[in-house]
Amino acid sequence: MTDIGEAFAAAFSLVYHLDRDLGEIVLLSLQVSVGAVAVASVIGLPLGAAVALFRFPGRGAIVVVLNALMGLPPVVVGLVVYLVLSRAGPLGVLGLLFTPTAMVIAQVFLVTPIIAALARQVIEDMWSEYEEQLRSLGATPRRALGALLWDGRVSLLTAVLAGFGRAIAEVGAVMIVGGNIDHVTRVMTTAIALEVSKGDLALALGLGIVLVALSIAVSAAVALLRGTLAQAQAR
Amino acid sequence: MTDIGEAFAAAFSLVYHLDRDLGEIVLLSLQVSVGAVAVASVIGLPLGAAVALFRFPGRGAIVVVLNALMGLPPVVVGLVVYLVLSRAGPLGVLGLLFTPTAMVIAQVFLVTPIIAALARQVIEDMWSEYEEQLRSLGATPRRALGALLWDGRVSLLTAVLAGFGRAIAEVGAVMIVGGNIDHVTRVMTTAIALEVSKGDLALALGLGIVLVALSIAVSAAVALLRGTLAQAQAR
Amino acid sequence: MTTPSILPLELRAVSFERDRQRLLKSLSVRIAEGPRTIIIGPNGAGKSLLLRLCHGLIAPSEGEVLWHGAQGRDPLRFQAMVMQRPVMLRRSVAANIDFALSLHRIPRPQRRRLIAEALERTGLGAFARVPARVLSFGEQQRLALARTWALRPQVLFLDEPTANLDPAATHVIEDAILAMAREGTKIIMTTHDLGQARRLADEVMFLHRGRLLEHAEAAAFFAGPENELARAFLRGELLWWERRELTPPGTRV
Amino acid sequence: MTTPSILPLELRAVSFERDRQRLLKSLSVRIAEGPRTIIIGPNGAGKSLLLRLCHGLIAPSEGEVLWHGAQGRDPLRFQAMVMQRPVMLRRSVAANIDFALSLHRIPRPQRRRLIAEALERTGLGAFARVPARVLSFGEQQRLALARTWALRPQVLFLDEPTANLDPAATHVIEDAILAMAREGTKIIMTTHDLGQARRLADEVMFLHRGRLLEHAEAAAFFAGPENELARAFLRGELLWWERRELTPPGTRV
Amino acid sequence: GADEFITVASTTSTQNAGLFDHLLPLFEAETGIEVRVVAVGTGQALRLARNGDADLLLVHDRPSEEAFVAEGFGSARFDLMYNDFVLVGPSADPAGIAGLGDAAAALERIARAEAPFLSRGDDSGTHRRERALWQAAGNDPGAASGTWYREAGQGMGATLNTASMMEAYTLADRGTWLSMQGRLDLGVLVEGDAGLRNQYGVTLVSAARHPHIKAEPAQRFAEWLLSPAGQAAIDGFTIGGERPFIPNAHWTRDESPG
């Protein structure tokens, strides 16, 4: 267990000496994951709400698939995005492979189903209470959707955080499409994986501690936002 | 994009010829992930419900940490469990390293916060409706917790599925504590990672398709269970 | 309102079924423009189901709900309803009304006036910026009324709108309902307060176990209904859907 | 019930504050064993808050709520309450009662009898296996009563328990309340039905804007309250907490 | 950073040993060209280059590198440097192979003793060499997979760690071994066999096949690596006083590929 002691020492010295490299990696991790979660929320929240609201043939199957896609394996997503963005692939000309943009794209695929599936559940629970009232007031489906997203904002934030958790923690997809290139696409998780493969477990753990601290900071920021949102009454 | 065509061909031929190796890997994947999710549910659901119900100093901090731990990096969890189970570690004598049990243990750490954090949100939303009624009826906190878990069963199932999604898809932790040893601890995700590093992308994708199909099957099974639970009225 | 009315409303052999139970049984009725229609009947008779069905919130299992005056327009747009348990959005009192108005495409400057007016009429002026969900239930019921009135519907469904109101508020709301009816709004309402039913009804529908047993002029109905069960109901002797001899109220203290 | 009563209940300068608003203002009152206490007052006066405060569901911001007879026992265990909007668990009607009984450690064989009895008394026998949440609101209110009665509390709080009930059901529930009171259950109840208040009250508390303005014998109170606002309230002239001259009911149709 | 950059597909062994951290600043200072290294398994590296996602290939599996050139994906391949593989194992040495000069013979003893042996099992350059050695020993351990012969399916670092935990033998490249030996309960038992030599090569990706390839700066980097300056830089790279890579380019500027 000396490693764990060493790990904390490593973590503290990493943060204490906060070298530019670490700062760069932390920043890129945040940029990629926050970016991916932002895009995934814009897609996933309305998508989940729509599946919750509308009744159409095959809806049950869509719910099943959405729930299943919460378990989309990062490596597989990474591979598919790689094949699309590769020079040999259909979007190769864009030259996005091994860039942060590619990492965001891959993570969007991972995170969107999580946010959508969890949002569906939240909105469906609310819909059973709201449906008749909103329809009676004359809400179109689009307006009903907006009202539900707003009224469910506090609970939906947890869904978004779950998506962020997946994004910030995952390594498989960003490793493949980012390539873990130093100073270009190296993020916390790929840096950790690198140290593990080098066998420097203490440094890997130290980076891990920094990453968890980062997650806690984000989660605390969201808690503040949650407090504000809970109080926000008017639109 | 020929790879994607090849991948489907590979997936079909994998399933069609269903060789013993693939069967073994699929089975182990399911065993490990279902086992981990079962343990994580037994811990996480009451834990999340308890955090939702009780008011105590530091509760806000616990919610923040719980939400943050949804983003626990698999590689880091794998490392910590590895250090604890390694021969030099405190539980080394148990000889659990590189066994499926070790993989279950690592995944329990990953999945429990997800289930607990999502359950907290579900139960907290219900609690605002139920609190006074249950307390008026004379429910002890323990009984209130049980009633909420039962009444929220349908929504909580989505939280459990989110946990399962993380477990079945993750590769970092099981790779480190399991070692991806053929016929012993090789699961779908580690097999996919291996094929990627070999450069056999079609086979990797084929395995990925099989894995997603597996997730869909599990999700469909849960949907059936959900239907049964939704109808279950009495205890 | 100069737009043509969506009325009359006709139910043709309408039934409503859930879990293999017929909750509304082959109702046929024509509800015309003009008279205030009050629906009465014991708990669980199906009054709320009937309102929701007419309003289009639930679909009949059999039969048809026809708005003969709709002329291709969406009838729901000309109706409003105060539910038995109104749902408040997680917003301020004013924002709840604002939301309803915005759904009807009323421009923002106009909305402010309508909101102030509706709040004034229901005595909620002081609560404009309070979260709607912390209101007392009587206040919530008044907010639901305010929210609906601001929409100025052609047809207004009211499901026990004064159940939680204090006597003076009940009085004022009854006055407001009468005023709206005078201005041409069709009132279709349920109540358990027989005094209120007498005060407000032009015509009465008596519902029992999902069946429409009587549909009559108010004066005639209260003078003495044709249906035996309706008579028992008026005398307070229809308990749990069954006729019972009960000690007359007042004799027991 | 041979166990000693937890009464009398005393509120000592109790205030309740939310969002920097004093919703109950320095209430001091002693509620003794015996008389049926009816709390009346306009919407938003704080009646429900007061009941929840006495019942221990919310804690006072200032002052004390004392059960002088509790003698170290948890007073909540000897009370029950029918809320203004009762919450039904997502279970069958029978399971809702069963859950409440199991909380009070009543052994299973006994429970079956108590459930059957409670359902019988509230006319819900046919609904035993129906999901509680699909009941009509009147039926739900009856189920809440059934659930509470089965607990045989020493003190029973009732928050507008008949607001959604039909006339006959109201009658029967009033009878049942009187019967329980005779058997020694302390009744503390709110209502907007002044007729009901007259029928049931031994003593009356008049609440207005969070203040207890009058606490008197029922006969004396209904003969003519001392407080001016209470008088206005009884005459139906207390609107939105303010005195107003209103057209007397009945003159307007 | 410079605005001009090239992408090099390489193996984890070179990256893990820290070679690029030593070389790249020197090259970048000299030319202003940024070198981005994507370190993956040999198979994946070849695959990246084949798809045109890398401008240069730096791996250690000569047969597949030559096949890559022969199929037209690469324009030329050059020897760059070498090190060697070592057979490492627990100090208890249950199969008694310590000090043997012949790797194949050592493997044969391990098989006979059924002593735990951990294979990379990932079709990497190291794994391919290991298989070749088993073949030379006349043994096919694949049938025993899951018993004493275990296939890890992981990179070199992880495999060494695992072997150390399992008290198993394994074949490792010297670079990774040197960078990790301090943390392992393993020792070098067999080394120096000619069959253990590990040749690294640098392969230019064909601009004819992939016109978007940054052929010119990639070629500059390759030339620099092969030039006396680059060779000296490799020579000067040490871990704990030992040289993990020995430069052995025999290239002259006239050989420059077109």
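A few remarks follow.
For reference, chains read A, B, C, D and E in written order, and residue numbers begin at 1 within each chain.
The working rule: a contact is a pair of C-beta atoms (placed from the backbone, for glycine too) under 8 Å apart; a residue touches a chain by one contact, two chains touch by 3 or more.
Please read all numbers here as calculations on a predicted model, not as lab measurements.
The chains in contact with chain A as well as with chain D are B, C. The distance from the centre of chain B to the centre of chain D, each centre being the mean of the chain's C-alpha atoms, comes to 47 Å.
Here the spacing of chain A and chain E, counted between their Cα centres, is 35 Å.
Averaged C-alpha coordinates put the centre of chain D at 82 Å from the centre of chain E.
The set of chain A residues that touch two or more partner chains comprises 89, 196, 201. Within chain C, no positions touching two or more other chains are listed.
Each of residues 40, 155, 158 in chain E touches at least two other chains. All chain pairs that touch, listed by label, are A-B, A-C, A-E, B-D, B-E, C-D.
The touching residues of chain D, counted against chain B in their complex, run 52, 55-57, 76-77, 79-81, 83, 86-87, 89-92, 94-95, 98-100, 102-104, 129, 131, 147, 151. In the complex of the two chains, the chain B residues touching chain D come out as 129-130, 132-133, 135-140, 143, 147, 150-151, 233-235. Interface of chain E with chain A (complex): residues 1, 7, 12, 15-16, 36-40, 50-53, 155-158, 160-161, 176, 179-180, 183-184, 210, 212.
Looking at the complex, you find that chain A touches chain B at residues 1, 3-4, 60, 63-65, 67-76, 79-80, 82-84, 89-90, 114, 117-118, 120-122, 125, 155, 158, 161-162, 164-172, 176, 188-189, 192-193, 196, 201, 204-205, 208-209, 211-212, 215-216, 218-220, 222-223. Residues 40-47, 121-124, 145-146, 150-155, 158, 162, 165-166 of chain E are the ones that touch chain B when the two sit in their complex.
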